[in-house]
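Quick one: this structure, given as structure tokens, is what I'll be asking you about.
Read from first to last, the chains carry the letters A, B, C, D and E; within each, the first residue is number 1.
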């Protein structure tokens, strides 16, 4: 029986993302079980809460591995939890861990005995993508406010490099600490009255910043990253103020079968697919684990790890999330498959990273609309 | 019917009895003094009767009504006022505020009551806006007693009202206590200034190790050679 | 032994001590009396280093000690008690005394770690000393009681006991008798006399009990309104009209405390 | 210059929210002698009570404010009677840790009942009023006026009523207050009621100005303590001034230091006050 | 759920308990013995963790350090680095007492955390420092032995300190400072010693933690897990009692991690969110402990007199 641990922030700062990721994970498991399960048995998901804190995150991870006996872990979300879990639990116990959300470049070179993977691209890529979107939107100067953590800083740095290399001007940059009641001082510092604001962060405080930016007349146009792609922001602040704002998100080409399958399946199970990130990435992570178990013909963690790359054989038969039964059969017959996921092709490289594609989205009439999906040209 | 009476009290802290079979009685218009060595349980007796130390067995009656183990804050509205041995003023409040708080349980204007206290302690009137915490030892005792008098009590309980006062102020204080008593207020006090206190008192009790040792009129106790030898310092 | 020279101290607008000078001679038991609020305790606090004077100098054996912190004065042999007892309320009576002796090896943490047996041995001696003091003060039965649970008078005794745990040269006692039973007070006076005679302690005593002052102290300083108004032996002072007016009171009842005995 | 004035205006707004929180915290400190770590969460739950009133009865926020204040005050009293009351006689630190537990309970309760994502009283934003180069949001005028009004009411209560005096007496000497016949428990209940109500007001205003979120109050707790300290613990008037100073200092700090260090400003002011003027900026009479 | 798995988890669980126990012992020295209200534990915890991270990791670009030194040097470094920091904090806050000290220290701890967040040249900023290895190639089991040894030695040292005349002076200070000064003790010095020693234990905890999880970033040093948890452990366990401090670490961490299972038993429909309910339970359990045993599970006992058995 294949048991997969879901290590998610169900309380604490990233709680909102944890809950939606959980849906993605459960969805994948349901589909797989509906398609006959793994090695003849239904797979199960064990959920554990990191509280968005490393201390309780590692404890929860160890419990998943030792007590619940999971063969692989999906999670965690923030790099500050993912990395300690990798170095103190996954790498030590020899259990593969796939994060659907951690974007820190540190993970690329981490000494993880090759047990740490991720289904979302590193910040370095998204920064470049963001600069491209800025150029597409005709922005030649921007001000930046970013959340003062590894995610915000990584993106801000990568963006600034690419943007300035392309001749753009950054008129002001300010990191912000989460949880404050007023960001008006920072806003008036970075604003030059005209340039749009690149806001890198999460809705929890991002909404406050946006609101104060609009109300104070500091900014009218905005550029966002994946973290801020959240419908509640539009809902809470009013579409008319945000229409025309743009952003990026790691996203597969939504014209692919896999992406369409995912959207439909999600909507059938949970209602409308919220435009928040890390659902499809978590979903894909479960799929690759299940496929790897089938390929290995074992639920042994190390065997699964060894086959994670094998389910993405470029010469193999292309399979998508809807085709689990077929994929299992192919693998059972000793044939190679190439998994094409909801979030992209999910080809783990030597470091366990994936190169991603990104969507350029805009808000139109209060809706998130994908303008195009592209691969950043580094 | 006595103003206050304690019958066969057993009381103490955390399960250990300090008071054992204690009997006390104060009649209306009487000054009663308790003396005894350090740690005899004098303060404990006062606190027990005032509801600050739990009574394990025995009865306390006030004008015949049983008030055993009633909460301290209710005693005041019955007409009993108590001045503790230590920490007996509100240090950061002014004299006037201290006095006003004394009458907390009473309705109606405080003006006339305060005037009466000022008549007894004219010095408080001079210092009425001073913070009680920085007054000298003697002035503090006046504030404490003034505060107690603000409720227009029928019984005043004083724990060592003259400790730390200068000889002159001790005289004055006993003078005042007699004056208060003459207004019809019963007084129960603990004193180490035993000779003077007994001289001023109608009756006295000698306590030792939580038990009654002697009970008699003030002059009789003063004249008792055993009492003098053991408790008055020869 | 202690020379006080023109010490002044004000609190806000109140001049608590004004230009007071006097000397406590080595080997004497000097009394300090005066009405409530005269500034006696303030003066003690200044001598003991707990309060800084606005002006003036304090000398101990000719050496200027003005403004030295309390604990340094302690090591020069100057100890004080407080008017309101300052016990260590959550420690036992014994421990209250055992804190006092100076230069305990075990007060050095590293030393305690490395030489535990020696520290224990030393502590045993201190314990014996503490028990002796407690027996002397007749509170030996309370040795394992928490000091916070003592009665008001017992705390005063404990305070005095602490001064007996040192090789003090000069001891400042702030109202050792207030709240202490008269019988015990007599014994206390014996103790002070003995320490003075046998061990050569110098005392300076604030006290409102004139019996005690008359029995122990010579000379006696009288303060009023922050100033030194008189000094001399008690018999002389009783005849001083200024002192009677300010302090002793004129009424006969002032003697009911039993001067006669 | 204009910029500084604009920042000051913003700072005063933030300051009045902090001040409302700080007045309650300082009163609780004064009477019960402990730093109340659930105070921020009282703010949050007050804000959510108002949200329920707003959405269920479709009322404007200001109409929901009194209800929220009442409910939060009541809740504060309830928590005191159930939890704090039993440990009042032991060391204050136990109360502090217990209040920390209360904070956890309240915060997770909010999440269980109202969910964990951002919410607002009213969708949309408010366009500011312009006074020349300066901008002020209408809500801000409202918040400021309401905060000033509440502070005035508290002032009158403390200085004019017996209960106010009894509170000061309790903070001076609880045992003696009992002996004087002051009903200690009733006074403490009043203190909690007022502290809770003011916290709710601060929370509602914070929610109006930003958004509602389960940790909205917790993250503001330290600046509130900073304001309390700055004003001198136990002094409501000092707390108001402390709140305003912290609010303005935090906003103005962005002129000279990176935004990432902004919260440190409040702490640095707080530590400096503690070190150089431990009795607070305005020296009281204690 | 097999035995091997359970024991592996038990090892892991006990390792974290051990690390917290060391910090709780440090806090006991400050609060339990001296009455110093330090809510800035996270600051010293961070100093310890970062120091050993910088000393023992491989060289890295863009930041100081990566000296690749052995584990032992890292831990000693953690403790030594903490001395000047703690000394400075003690100096700055020398005049503060009770809640004033508490609020000052929590402010300082946050400033320290913000320093590590923002000063990337030293701490690698928000990205944190990865690759902090366990010594001698040990796994979790071996490392637990190391932690256990440190807990035992720490307990011994703190217990000796408590029973020594040094500890007696601290308790005297806790009770009454002027009287301690009048007894000839240099209160400022003793307070400083206790503060620095206690803080060094917190730094030691930080150092052990860094090697245990292999990665430090500023997220680990926020007040909840860096400070309050330790307080809760000490108070619930019994402040003033060293065994209590350690028992508190065990019990509180057990509550922290076992409530997840309890919360899982209640239908989600009733409680909205399982995880929120868990935190709710934690809060309630804590309050029950505090209300029913305000002195802690093992209340403070007075140290034995010399020659007294116990």
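The working rule: a residue touches a chain if its C-beta (ideal position, glycine included) is under 8 Å from a C-beta of that chain, and two chains touch if they have at least 3 such contacts.
Every value quoted in this text rests on a predicted model; they were computed, and no experiment measured them.
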item	value
Both-way neighbours, i.e. chains that touch chain E and touch chain C	none
Steps needed, at fewest, to go from chain A to chain C via touching chains	2
Reference chain D; chain at largest CA-centroid distance	C
Whole-Å gap separating chain A and chain E, where each centre is the average of the chain's CA atoms	34
Distance from the mean Cα position of chain B to that of chain A, given in whole angstrom	76
Length of the line joining the C-alpha centres of chain B and chain C, rounded to whole Å	29
Where chain B and chain D are represented by their mean Cα positions, the distance between them in whole Å	43
Multi-chain contact residues (two or more partners), chain E	114, 117-118, 273, 276, 278-279
Of all residues in chain C, the ones touching two or more other chains	none
For chain D, residues that touch 2 or more chains besides their own	108, 111, 116, 258, 260, 263
Interchain contacts (touch definition) - all pairs	A-D, A-E, B-C, B-D, C-E, D-E
Footprint of chain C on chain E - complex, ascending	157, 160-161, 164-166, 168-169, 171-172, 174-176, 178-187, 193, 197, 302, 305-307
Complex interface listing, chain D residues touching chain B	162, 165-166, 168-169, 172-173, 175-184, 285-286
Of chain D, residues touching chain A in the complex	3, 6-7, 10, 13-14, 17-18, 108, 111, 116-120, 123-128, 135, 137, 206, 209-211, 213, 215, 218-220, 247, 250-255, 258-260, 262-263
For the chain B and chain D complex, residues of the former touching the latter	50, 52, 72-77, 82, 84, 87-93, 97, 100-102, 104-105, 131, 147, 151
Of all residues in chain A, those that touch chain E in their complex	10-11, 15, 19, 48-49, 51-56, 58-60, 62-63, 65-69, 78-81, 83-84, 86-89, 91-93, 104-106, 110-111, 148-150, 152-154, 175, 177
